[in-house]
Amino acid sequence: MHSSSVFSSLPPPKLRLTALYSAPTTDSNSNSMAAASPKWAQKTITLPPLRRGCHLITPKITKELGDDLSQFNCGLAHLFLQHTSASLTINENYDTDVRDDTETFLNNIVPEGNSAPWKHTLEGPDDMPAHIKSSMFGCQLTIPITNGKFNMGTWQGIWLCEHRDYPTARKVVVTLNGI
Amino acid sequence: MHSSSVFSSLPPPKLRLTALYSAPTTDSNSNSMAAASPKWAQKTITLPPLRRGCHLITPKITKELGDDLSQFNCGLAHLFLQHTSASLTINENYDTDVRDDTETFLNNIVPEGNSAPWKHTLEGPDDMPAHIKSSMFGCQLTIPITNGKFNMGTWQGIWLCEHRDYPTARKVVVTLNGI
Amino acid sequence: MHSSSVFSSLPPPKLRLTALYSAPTTDSNSNSMAAASPKWAQKTITLPPLRRGCHLITPKITKELGDDLSQFNCGLAHLFLQHTSASLTINENYDTDVRDDTETFLNNIVPEGNSAPWKHTLEGPDDMPAHIKSSMFGCQLTIPITNGKFNMGTWQGIWLCEHRDYPTARKVVVTLNGI
């Protein structure tokens, strides 16, 4: 950020360009920076039940956020899955084989059934493996926002990984913060 | 967030409702929004030595944060563990078997002892496995704040996973940001 | 944060001390708090191709951020890798054996070659394993900023884990937010 213009706000940043913004100062003669006032938004998105496996949910998330995402020139989007038997991750957004192979990996790495050493089995053989997979991939993501959009790589997408055999609706708390 | 009221602040958000806040404008006639001024808080919490395994630390964290958490209507709490041989994760907050089974999984997945292929063994057989487990689960969490509380799911809790046999006190830098 | 001084700003916090900051109020007579106005900065850092394995990139990241990091007394730095076949993690910053052993672990845990069960193999035997490793360690980190520096533990460093045999340059979007 060596060439950044400190404390300037508009116009919005271009990708790969550097910018350092600030909230408006208390100088009442300087209303021109009001547009850069920090904003917070928060919403709980409910995802319908999805079968066990990995699912690309970027379109659903961006549709639910709608116009509100476009109000942030620079910021962060935080996604928080309120469950312990599913997970959020970012991975390939194109070939569905990648999602299938990831499910295969998770099942190979976390044993299920008679050979599994788990004590916690009350809800079925997929219960404890689901908890473990949830901590392996995690339940939370933070994604940069640039010019009103998620600033992910070309091939990146947001995945909901459902680890239960009998899935239920899943809630994701999305928090947006930026200017 | 289609029905959100843009740039409004109070009253504080209800769960699952949508809200889009902003910091106060520079309009000196509009003091009513001062309550929504962005705040930052930062504290280092020291956890006492905990035996190898997974531990629920939500009560300890919320107690240490005390009244300060309640000052944020909408925001994010960031927890950062300053160590490379322990980890933070979010998982089940009720049945202790889930924590025991997770420790079992970690030990099964990361070999320790004579059969382990590690070069880095100076501090003992649990040293390199601890580093690996730390990267598997990670050392940082971000949790949404809504109405002055962590907005986690009903069954979610914060875990400190101690990966060393002879544990030491562990430091967690907590950063709160919001309005 | 029981002894924190609420809504004060300067002087900047010392490590382990508690502080609760706020953005400037709308009181136009109170210009002294302008220094605590929330700032946002965003930059894309390009890392040169690094061979398959784990690499310490803290020096490169801090050099690229330069003086801009020092402008934040209290805040968060978010690093986002725009790729699905490499990962970011935080681990030991000293002994290179730890990085070698972590690469050994990743290769042991994710099979590659004829015995691997992957459908997605178009780009070679390291393709699908790279995607899996990317989700295991993740593509994003959030690090606290205190007194103008990353507030990591003594032995912590930022790693770029390259999972492909024929690496390419990798882009990291860094977003700074704080006061």
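Letters A, B and C mark the chains as written, and numbering starts fresh at 1 in each.
Note that contacts are C-beta pairs under 8 Å (C-beta built on N, C-alpha and C of every residue); 3 or more make two chains touch, one makes a residue touch a chain.
Worth saying up front: this structure is predicted, and the values here are computed from it rather than measured.
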item: Rotation angle (°) superposing Cα atoms of subunit A on subunit B, nearest 5; value: 120
item: Same-site or different-site touching of subunit B by its copy subunit C, using the half cut; value: different
item: Chain centre separation in whole Å, for subunit C relative to subunit B (CA means); value: 16
item: Per-residue multi-chain contacts in subunit B, two or more chains; value: 23-28, 38, 109, 136, 138, 142, 177
item: Complex contacts: residues of subunit B adjacent to subunit A; value: 1-2, 4, 6-7, 13, 15-16, 18-28, 38, 74-76, 89-92, 95, 97-98, 100-102, 104-105, 108-109, 136-138, 141-144, 146, 151-156, 159, 177-179
item: Contacting residues of subunit B [partner subunit C, same complex]; value: 23-28, 30-31, 33-34, 37-44, 64-68, 71, 78, 80-84, 109-110, 117-120, 128, 131-132, 134-136, 138-140, 142, 171, 173, 175-177
